[in-house]
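Naming follows writing order (A, B, C and D), and every chain is counted from residue 1.
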Amino acid sequence: MAGSSIGTIFKLCTFGESHGIAIGGVIDGVPANFELDLEAIQKELDKRKPGQSAIVTQRKESDTVQFLSGIFEGKTTGAPIGFIIPNENQKSTDYKHLEHTFRPSHADFTYQKKFGIRDFNGGGRSSARETASRVVAGAIAKQMLASLGIRFSTYVDQIGGIRFQSTEFFDQELIESNLVRCPDAQLAAEMENLVREIRKEGDTIGGAIRCVIENVPIGLGEPVFDKLHAELGKAMLSINAVKGFEIGSGFSAITMRGSEHNDLFKTDGTTKTNHSGGIQGGISNGMPINFRVAFKPVATLMQDQLSINTMGEEVTIAGKGRHDACVVPRAVPIVEAMAAITILDFYLRNKSIHL
Amino acid sequence: MAGSSIGTIFKLCTFGESHGIAIGGVIDGVPANFELDLEAIQKELDKRKPGQSAIVTQRKESDTVQFLSGIFEGKTTGAPIGFIIPNENQKSTDYKHLEHTFRPSHADFTYQKKFGIRDFNGGGRSSARETASRVVAGAIAKQMLASLGIRFSTYVDQIGGIRFQSTEFFDQELIESNLVRCPDAQLAAEMENLVREIRKEGDTIGGAIRCVIENVPIGLGEPVFDKLHAELGKAMLSINAVKGFEIGSGFSAITMRGSEHNDLFKTDGTTKTNHSGGIQGGISNGMPINFRVAFKPVATLMQDQLSINTMGEEVTIAGKGRHDACVVPRAVPIVEAMAAITILDFYLRNKSIHL
Amino acid sequence: MAGSSIGTIFKLCTFGESHGIAIGGVIDGVPANFELDLEAIQKELDKRKPGQSAIVTQRKESDTVQFLSGIFEGKTTGAPIGFIIPNENQKSTDYKHLEHTFRPSHADFTYQKKFGIRDFNGGGRSSARETASRVVAGAIAKQMLASLGIRFSTYVDQIGGIRFQSTEFFDQELIESNLVRCPDAQLAAEMENLVREIRKEGDTIGGAIRCVIENVPIGLGEPVFDKLHAELGKAMLSINAVKGFEIGSGFSAITMRGSEHNDLFKTDGTTKTNHSGGIQGGISNGMPINFRVAFKPVATLMQDQLSINTMGEEVTIAGKGRHDACVVPRAVPIVEAMAAITILDFYLRNKSIHL
Amino acid sequence: MAGSSIGTIFKLCTFGESHGIAIGGVIDGVPANFELDLEAIQKELDKRKPGQSAIVTQRKESDTVQFLSGIFEGKTTGAPIGFIIPNENQKSTDYKHLEHTFRPSHADFTYQKKFGIRDFNGGGRSSARETASRVVAGAIAKQMLASLGIRFSTYVDQIGGIRFQSTEFFDQELIESNLVRCPDAQLAAEMENLVREIRKEGDTIGGAIRCVIENVPIGLGEPVFDKLHAELGKAMLSINAVKGFEIGSGFSAITMRGSEHNDLFKTDGTTKTNHSGGIQGGISNGMPINFRVAFKPVATLMQDQLSINTMGEEVTIAGKGRHDACVVPRAVPIVEAMAAITILDFYLRNKSIHL
């Protein structure tokens, strides 16, 4: 059953496989009469695209978005925005050897069993290439939110054992000042070295991303099921390779006492601490929202791996191709995009709270 | 905007405030012609209800569910099941002092600011009392899933610093053999002592719950947005006091290498390890699903706390009333209910994959 | 699959069978902080209830609504409004003879075949009794819309061959001044006589209802699929016994020429004619909305009818019980309720058109 | 708020304006592993396209669909099918004179007022060109339904005062044997003459389409709101220029008696008459479904018309361009497409009725 849409008012539906003609999407429920900066959207895509730096996959894709509808003389019309991102290396035969093979910890096995058929080229529909469409919608959402003063700071919090451990808001310039997108130059250098080392071994490594959102108005979130952090969690967990999500104090709250965890109010309604992560009872409280997302190590290795084929026979998969040793630097714009899509949707939902 | 429903085919809509006339819900999309065990549903409610043991809140509520529709001669008819759970201590005036006060880390402030009005009695709509309705729907879902062989094992994994750290499937009898619902008797005793101690101090403590689901058919989950673990995550994060969710390896995947994390196949299609937690590419792979949910310490303390009133003036909130020092033992049936609702919904969604 | 909900923001979910314990519903997405007139809601129910006059069914049901949640000190809180209407003659054994019989042009056959089980008492879930819950939600929607100046005029346009044929707005007093709810006293008397005559013969007769809505703001309706008249049409066609829907010129447009049908503008943006029925391109244009709904004759006759039983054998169904000879007078509040629910939902949806 | 999607499982989302780069859509929830006949899809588009015969608009558009995803080696994969139909005469400046003018009975006024901006070229998003995307999705649905034995017969029932008045099932060959798509050759000739005559006068004329669907399984439809005919009605009313919908006996039921209207059963469960139009209680009963759709005359005339501009001043709109004098012959494939989309969606929804 249909699972390719997200959002209730600001709604994204994506389509496309890794090696098909194009990927793309439709954004419906776009607020009308808003002037878009189309170049800024492309810049967001560039942050995600392969080949952008020495530490990411060297696959060649320009990831150029083409808008087909919903924009008139530079402004949104309220009609759905349809867009495509052509796949440039679509005719690749790199994957013919995978036609009858299930790669470990990929979605080959589950797609084959579920649908009885699968496009095996580059992971087909299960490829993280699909997230480029999310970045397009997220970039539009971010521009709209920026006009309301809502700002995002998303950065790499951890790669392997190297952890930054901050919940601060950092500027884009600082985050973009190094290849791993960690605001701490020293740790960033260590992380970069770790990624290079892991790559040399043909292996991969996990990581974590922190997202901080400032100036979110009080009142976003629709209890009891559509709590703001519940939908943020779903949005994050829908990103390829994500294994965990925590809001505010998150898993560290387990060992805390209430007397320590409670966020006491100041008289202006803000709180002295922010263990809540900007959300109480599922509704934003005006404090910065912050959450953390855990990514597993990429499943594609540059090493031989034992696996099985569709007949249930043992096979060896040779490590070849061009892949990321660590996905989190390129996942930063994806996390931010999904956060922006979610926040804008709840901003619009909140407009109908009163008559 | 409406946020009181969850599910797409098997759909629960809840209503009701903590101290109103009744809470309840409507379950729509119920598979027809299924014989229900109504007593078993009440037993699930009993696991969640206040006053069940010495270590939980001593508030008196019998939590008796009354079914109003959708069941005919003991069987589901396919029509929506409406039900109510009358509130027995509804006339309480315990909360009059909170009319103009915002309790720290509760939803008082955000509800007031969002809606411009709030039922301040016992937290009103934001009270965890609402989760009793979820337990009703979850109990029905569990009976249906049990008839398909799908079984749940949900237990307390951690209270404060005391951690069980297992991903095994344990029988109900073992889980129910102690007050904290931890399958390890030794650790359970320690946890119980910790809760008693914390309570004596008028304080509260966080915890974590593990849920393991066996015999889930291969193929449940609808990429790219409605991935099975993404919806499980949303379902869990929608429960009061939950701060984090992780599937399979979860946050521990951050520090792992791909060569270590990849789940290698056996020739029968099962995997040698289960870092994936039973889900790959957002679709169940037939291995046990397992996830972990982090709960913050209860915000209501039996201690004086500084706070503010609706005029922005400082006030002191006295610690009084009857509350849980640790919520996780009573949250076990809620986590299991939300898991069952989600799994049944995806089971039904998967039926339309082929013509 | 779940089909018991309507609306996207202002959302009604109903439950309950004709002879179960109670019918009821949950209204979610209710605008907050609105003072409700609860007596006025009950008055709307009274317009629909059986036994209200000599020309309708004499079945006894007081149809008293009980609100369970979402209302605090007389005002909506934004939380879902749960409500029930107890069934007073629920223990009836009038229907035992129908356990194995399919009544012609009822839903007995289709429910049995679809679900494999059916509550045969009084039509069970397929009974028009369910529409009482719609009247509750509609009455709330009407109060909210009235506060915005939006007013409804719903009346009987036709019974059998007797047709009023107006698209005017008439006051409630005039509509309620006779038993058939037709604003023309002369025609109303004729209609009433026709109904009495038909009833004497143990037969039934069809009819039509006109609904006119004034002061609808320009801009309601969400193309391309959720056009305002498309959702009004769905809402009407979901009412028991409805066979047709037409907006504005409706079926008479078939024989008209464009030069005659086009609604020319006045300089103030209103139009000289209103063949469009207040909606152009699926969006309200500020002119009165008017549509017409066709009802078939009630299927239950006070005559013997040949039919079949569940074994496929011929049986005779004796005409007995208490039923309406013509449903349209009692359907007036139902049509108006569904119209109000739809308009309010679109009013709320329209709030997110701009940032 | 987002209104560009229809369906719950088999779900179509469309985008695109009349004179933008391309129109298109995404179909999600497509049953997997089904072999598509891509040529047959294009043939359906050809039935709708402009310039196909002497009696329709002579605008040039090849309406060639390009599939971008969801199809692998000729088969559906279960992934969303993205497609585009490039607009070939997109650079037209024919509409510059309409930038500040509201055409009577078009959507110019309502779009401008609702969104505060509008693409005025050829009606922009409100153009019936959008329906080409529906025909693509409908053609796919029809192929799937055909594999289940479900067949459609859609034809022109009426143009102006000339009415066919049949509810029979006619073969495609017969329907396609004349330009107006009416199975009666004699009436078709009269209709064709009428259209030519009307066109000569620079005027337009309304019409009606009948759709008959055979071999629909018993059990499709989800009461109480998502009744099969309610969703068919919505689907039809969402088509440009549609003013009315009736199922089975429709508006003629108003003057019928119950004793005449009731469909008596045969012992095999079929009925002797079919006033119900194949649907009882909102659920298909296995008899042929038949409904009728009323279309208003096209609003664009080849005559001068008085109107207003955006400043509220009177202007004269000159009749020019290439338009249909009667839309119903080209609307036949659109009605059939929307019917097929709806039936397939309910077919898939019905799969989750039992565990």
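What we mean here is this: a residue touches a chain if its C-beta (ideal position, glycine included) is under 8 Å from a C-beta of that chain, and two chains touch if they have at least 3 such contacts.
All values derive from a computational prediction rather than experimental measurement.
> Of all chains present, which has the mean Cα position farthest from that of chain B?
D
> Between A-C and A-D, which chain pair shares more contacting C-beta pairs?
Most contacts of the two pairs: A-D.
> Out of C-D, A-B or A-D, which pair touches the same way B-C does, with over half the contact pairs the same?
Repeat of the B-C interface: A-D.
> Could you please state the distance in Å, as a whole number, between where the Cα atoms of chain A are centred and where those of chain B are centred?
Averaging C-alpha atoms per chain gives centres 27 Å apart.
> CA centre of chain A versus CA centre of chain C: separation in Å?
The answer is 46 Å.
> Distance-wise, how many Å sit between the C-alpha centres of chain A and chain D, to the nearest whole number?
39
> Find every residue in chain D that makes contact with two or more other chains and list them.
Answer for chain D, listing residues that touch two or more other chains: 1-5, 8-9, 14, 29, 32-33, 78, 114-116, 125, 348-349, 352-354.
> Going by the contact rule at the top, pick out the chain A residues touching chain B in the complex.
For chain A paired with chain B, touching residues are 1-6, 8-9, 14, 102, 104-107, 109-111, 113-116, 125-126, 130, 158-161, 198, 203-208, 218-219, 221-227, 229-231, 233-238, 240, 243-251, 253-269, 271, 275-277, 280-285, 294-301, 303, 305-308, 312-314, 349-350, 352-354.
> Within their complex, state which residues of chain D touch chain A.
Going by the criterion above, the answer is residues 1-5, 7-11, 13-17, 20-26, 28-29, 32-33, 66-70, 72, 75-82, 84, 114-119, 124-125, 348.
> Can you name the residues of chain C that touch chain A in the complex?
8-9, 29, 31-34, 78, 144, 147-148, 348-349, 351-355
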